Amino acid sequence: MSPTPDLTTASKPVLPEPTAPVHVATDERGVTAGRERARALTSLFFRSGAIAVLVLTCLLAAVFDNGFASLDNLRNIALASSFIGIIAAGMTFVIISGGIDLSVGSLFALGVLVSAFQSQHGSVAAVGTALLCCGLAGLLQGLVIAYLRLPPFIVTLAGLTGIRGIVYYITDEGNKVPQVPHKEAFEHLGTGTFITIGLPVWIMLLVFAVGWWLLARTAFGQHVQTIGGSDTAAELMGLPVRRVKVLVYVTSGLCAGLAGILTTALSGGGNEARIGDSYELVAIAAVVIGGTLLSGGVGSMLGSLAGILLWYVINNIVVQGLQFNTYVQQVVSGAFLLVVVVLQTQLGKRAEVGVR
Amino acid sequence: GDSGNKSTGADAGTGTTASQPAAPASSAPAAATSTGSDASSSADAGSSAAAGGSGEVPAAIKAAGGTALIAGTPAKGIEAQYGPICKGSDLGIGKIDFAKDTIGWAQSEKEANPFRIASTKSQVDEAKKRGIHLLTTNAQSNVQQENSDIKGMIDKGAKAIIFSPINSTGLGDAIAYAKSKHVAMIPVDRNITGVQGCQSVGPQLGSDFVLQGKRAADAMIKATGGKAKLAILLGATGVNVTDDRTSGFLDELKAQNASGIQVIFKQTADFTREKGQQVTETLLQSHPDVNAIYAENDEMALGAITALQDKGKNGTDKVHIVSIDGTKGAVQAIVDGDIDTVIESNPAYGPSAEDALNAYVNGDGYPAVTITTDNQYDKSNAQQAISSGTAY
Amino acid sequence: MSTAVLQRIPRLDRKAVDGDFVRERGVYIALVLLILYNVFFTPFFNRFETVTTLMLQTPAVLIVSLGMLMVIGTGGIDLSVGATMAIAAAVMGKFVAPDPKGLGLPLALAIITALVAGLLVGIFNGIVVGVGGVQPIVATLSLLVGGRGIALVITSGALIELFVPGLTKLGRGQVSNIPYIFLIALALVVVVAVLVRQTTFGFRLLAIGGNVRAATLAGLPVRRTIITVYALSGLLAAIAGIIATARTRAADPSYLGLGLELSAITAVVVGGTALNGGRVRILGTVAGVILMQLLTTTLTAHNVPDSATQVAEALIIVGAVYIQRTSRSGE
Amino acid sequence: MSSAQPKAPTLSIQGASKHFAGVVALDDVSVDLLPGEVHALVGENGAGKSTLIKLMTGVYSLDAGTLHYQGEQRVFKSAREAQQAGIQTIYQEVFLAPQLSVARNMFLGREPKRFGSLDLRRMNRETDEILGRYGIVADVRRPLGELGLGVQQMVAVARAVSQDAKVVIMDEPTSSLEPREVDRLLAVVGLLRQQDVAIVYVSHKMDEIFRACDVVTVLRDGKLVSTDPVSSMDRRTLVSRMLGREASDIESGRTQLQVRGTARSDAAPVLEAKSLQRKLVLDDISLVVRPGEIVGLAGLLGSGRSETAKAVFGAMPVDSGTVHVEGKPDARRNPASSIRSGVAMLPEDRKVEGIIPSMSIRDNIALAALPQLSRGGFLNRKKQDEIVDVFMKRLRIRAAGPHQKVRELSGGNQQKVLLARLLCLNPKVLILDEPTRGIDVGAKAEVQALIADLADKGLGVILISSELEEVVEGSDTVLVLRDGAALGTLFGDEISEDAIMNLIAGAAAEQAEVAAP
């Protein structure tokens, strides 16, 4: 983006060497060093809170439920989580930027149906058009949020409704349920495997890897985090706040679209217009379980991955392992979610000890 | 393109009714009508719309993998059956020991209305009766959840899955997984389309939703004398049941030249009572001249009645109502004079599904598609249906 | 959601004074426009019945929105209100329904129990948020997921039909053409208005929404206030649940209040309350509820297909908030 | 300073006006910024300094007036545009990304890349170097927010200055800095001047103006009062222009606390904190405050002064230790219970911990004293209005009225609102963490006088200030801290800047040669 000036020369000839440090923010022996070590440790624990809970839950499930640890079951949990997982990856960016995207469930449906409709024109059309549509929808929302300065919650709430309306429209009020003509290469995206693990799972991992890189290792990622901390600050520092915000919603739209495409590819189409209903809540829950703060600024890609896996592991345990009736299943899922977020929050507080 | 549309559309209608003669043709002529008082009404519906000769396979059945009508007399409760005969061994499915093996039941929608409650209860009760170890799941209307529910039960060792598909399509993932694991799949209620013969799933048992719509239209014409300002309360958007019940109904109105029946209003009420009430309230406000309501399920009809009661407009003398499902509440409403006719959609697939499964994996096989018989209730048989417990 | 403290003054600020009129009244203007449209283009609209129907259809959402409004005032959000309605309905249904399905207890007792149930749900949320420090959206999400399950467990999954004269009367009784339930809603609007504007509780609620840390350091009872706010939200949701049940004459654990949390949030926001807390608009919320309900009614009346209805709703939401945006973006 | 032939201004703003709903923030102000000139901008709180700056940097749009930059008329539509054009600004509050590392902050918006990824190594290395030149040794990979406010402010300065700037604007850059850091900063300013950068320097500290600036512009009530060479000014005139009063009425503009430090009182302590301990944060801190006594906390940035204050107030949990107020132990130890027992605290970070931006001045003031200002749970607006009126007058809060939103006030006036909030609690002990931060000379004098006055009336005060002078002159007792531990206590006549610095230096031998200013 902007040229990188040589920072060292800008003020090189300048200051006389300070005789001694004016301010030492670290010292090797003293309290500060101890503080720092404690902080690093706790913050590691904090960041991996969801991972810890995930591992713990899996271990318990494996011990108490013999079917859980079977490779088939684990593979299927991974596959089931890959769709909303991809959505959650996009959502992580949105939430770190201080926003929220409630429209992802509808965008997902848009991706599902557009790709199914377009699959008769070939795989490239199926994938390309669906991504284009979802990206554009994300773009539109992003523009409204960034340029008209409307609150993301509202804009994407409208998106949730409006995009669903569009999905109904293109399916003739839900009456058309497009199928993928058989033997389309793109079906392989959904049904294919690599090292016995479904391609959607690999794609999800790839999305998370790219997401991690974007967040931690690119200017874009830094800008997203800064904006999430305070968009006024970001603006005053001269960051391209609006552009970044727009990009964040485009990213989220693309992720939701990709998840939809993979769903169509896996099922061979034939999904109803109401598919993806309330997926936004699952995606948000996953991100938050993963330790990302809804207030923005701070978040972790790996956490979101752990979060979505945790969600599906719990679902698997509650639905399959415990065999409660449906009502009790809901109660147990809710309770589980609560325990996880409370645990996560408490870990978070521990990690903050000494910072404030 | 065309393949994108559900194949059970309008064109399927004529075909489907071809199965209708099968019912009267059976030795127990009243299979469809034994409890249905008005034997002629359903027969009329069938004959009036019947087009192709018997033996021709309706498109919907074809889509569900049926290729030929199986001649002969179907058992009680069955309207028609279509071959080929599916055998589990063809898909490499081994025999099942019902005393030891596990079977899964995947419900698609919330067990909220009597239809779904009865549907699951029938499966659970039957399994208990036969001493079968049954796993159960409920996908809460989420197709991806149903896919993973089914796969999860297979992972848990289920040797067969009886399932109520959310929709006729969309379960490709679970079906492929079951196939790869040689697990028997028995869809009930809604059919799975796009399967060839018995190559993806085992025998299917279901109602004919288009026919239900036609019968509703027929009943509506009778009730209103062919003249009405009619509102339709549509089922959930995007579900083939809704589509089928709508197209069947409208086609039949056309087929019977019932131009006196004007459809003045068509809005979704999501198959739920509360929405049925809300939408009807608005209907009454904006179209006070409405005098007939076709509700695509009983819950919506009951919601509509509540709304009508609030305006003192309930009673078939003021507003005619025809609905589908055959739940106790709706049949009671016939007795109370609020509903004209209820077309049954019988959810009790427990016994028939277990029979079909047994024949499919352990016996000589079972027809690819079975259309079950649905009753029909009106003033003449409603009270009896309640006291005898036929209405669920 | 980030509370930027340094004011970003939009370029429009020169017109601030004249712009204010529209901004402050965006929701009312939209409402008037919609009414005018109906007066001219919707058949049978110009009858008193239209108003009655609206007065029957809005109370439940309105009452829930009042609770939501207070929660939003603290900078929180309550996703569990729909489930809470279902729980209250289920409890009431279970208590009042005759023997095979319920306990056949007196209606008054059933209602009180349902209210207590709602209150408990709210207190629970409040503790999780206020003491546990869990972010409101996920804290209440767990009850959105699990709460309906509780309701289903109570009724064993089925809808319970309630032919209880008292309840029916509550649902459709009227005093000179004004439904009881609307009067109840109005009374609650007044109560909430007094609570928020006149009491220390309301003051604290807004202070917490404005800046929790400052409120804590100023010695406000932050936890207690948060717990109370969520408790009230639960209580109001329970009242809404009872009213909705009285209207449908059935306790429906599966669908009662389903998705209502979003309707309530929409109404609050369309009514001009920002989600970041610290400010609430009570009358705006009332107008927001009426606007959204009337919009649905209008589109249904015109037999507009689902797809168009949803797109239209989306546009109205964005439009209404856009009109009012500047009063908010200053925060 | 300025060279022989007059230079063309780098940036010139003419006839600038700006008003916000109901407030004229700036009215027809013109200022020229010349290359190589340090231009001081002074005025009371709310005079319009920050507003003028924001008009120069595209944050606000001009209602009237023009802006010329490098000879061309320009309209900056955003801070970004101005920054790209070469105008670097350090805004009044520290506006960086606290959750990102120091190095990332340093390069935010102009990140060096390697193969598409951030070149973190280079960023860390260069940040280390840059900060080193400011005498800051810090782990640049640590989140900025974990460093004290002072370090953060230095990072902000370094960040702005390390870019290739034509204009550098500093809005109260020293408000969180301690004397040696101020020296550093002023050295940086000097170097920028040598490089022909045009500099705007806003400060309420007169010393700095006279030490570092060439020209001074005075604003009052949004209007331009004068622009003169600093050399032609004296402190008294400058202050009188700011306040709009006769020069003869003005004190020197230095600390207004009458030099205290008289004999130790023997009265029973009003507050007594014993062995406050918190792992890695506080190490066995004890302190005693007697009625009428002002206890200063001294120490370098991050020495634990604020944390001691919070621990005493119950705003931060401690592992062990007790606090007695008037001999009674406070078991609950939270802000509410402290307030109830008569202890009130002014937090250090006004923005984050102090004001409630969405509320009015009245409500912000009434906030803590709510129980006294209400009846049976209902607000008593009349009583509130009376009290608020008293304090707005007493502290001379400059606002459109009690109903103006606090977020619309200038920083200094926000601080006064907070003080008013505490005072209407009628506390026995007042803990003041940087009470005069960002407050103008006039107000500062008032606040200092107020503190002294309160103490004279028997109030116990704990005072924290990064201005050593303020602590030294204003305290009866000084507790010196380092790394969360007490180094010693100075009483009465023992209190001097040298004594404090010596204590600190003695505890850190390797820093002994750092001369106290």
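Chains here go by letter, A, B, C and D, matching the order in which they are written, and residues are numbered from 1 within each.
Keep this in mind: a contact is a pair of C-beta atoms (placed from the backbone, for glycine too) under 8 Å apart; a residue touches a chain by one contact, two chains touch by 3 or more.
This is a predicted model, so every value here is computed, not measured.
Two chain pairs, A-D and B-C, are compared here, and A-D has more C-beta pairs in contact (counted per touch definition above). Centroid to centroid, with C-alpha atoms defining each point, chain A and chain B lie 40 Å apart. Averaged Cα coordinates give chain B a centre that lies 37 Å from the centre of chain C. Centre to centre, using the average C-alpha position, chain B and chain D are separated by 74 Å. Counting partner chains per residue, chain B has residues 110-111, 237 touching two or more of them. Looking at chain A, residues 168, 173-174, 229-230, 232-233, 235-236, 297, 325-326, 329 sit in touch with two or more other chains. Counting partners per residue, chain D has 59, 91, 95 as the residues that reach two or more other chains. Viewed as a network of touching protein chains, the structure does not reduce to a path, ring, star or complete graph.
Taken pair by pair, the chains that touch are A-B, A-C, A-D, B-C, C-D. Within the complex formed with chain C, the residues of chain B that make contact are 110-114, 117, 237, 264-268, 272-275, 277-279, 281-288, 303, 306, 310, 329.
On the side of chain C, the complex with chain D involves touching residues 3, 5-9, 11, 13-14, 16-17, 20, 198-201, 203-204, 206-207, 209-211, 213-221, 277-279, 330-331.
Residues 20-21, 59-61, 63, 91, 93, 95, 313, 315, 335-336, 338-340, 345, 347, 351-359, 363, 366-368, 370-371, 374, 377-379, 407-408, 421 of chain D are the ones that touch chain C when the two sit in their complex. Interface residues of chain C, counted against chain A in their complex, comprise 1-2, 4-6, 8, 10, 79, 128, 132-135, 137-139, 141-150, 152-153, 156-157, 262, 265-266, 269, 274-276, 305-315, 317-318, 321-322, 325, 328-329. Across the complex, chain B is touched by residues 67, 70, 72-73, 76, 79-80, 83, 116-117, 120, 168, 171, 173-179, 181, 190-191, 263, 266-275, 277, 312, 315-316, 319-320, 323, 325-326, 329 of chain A.
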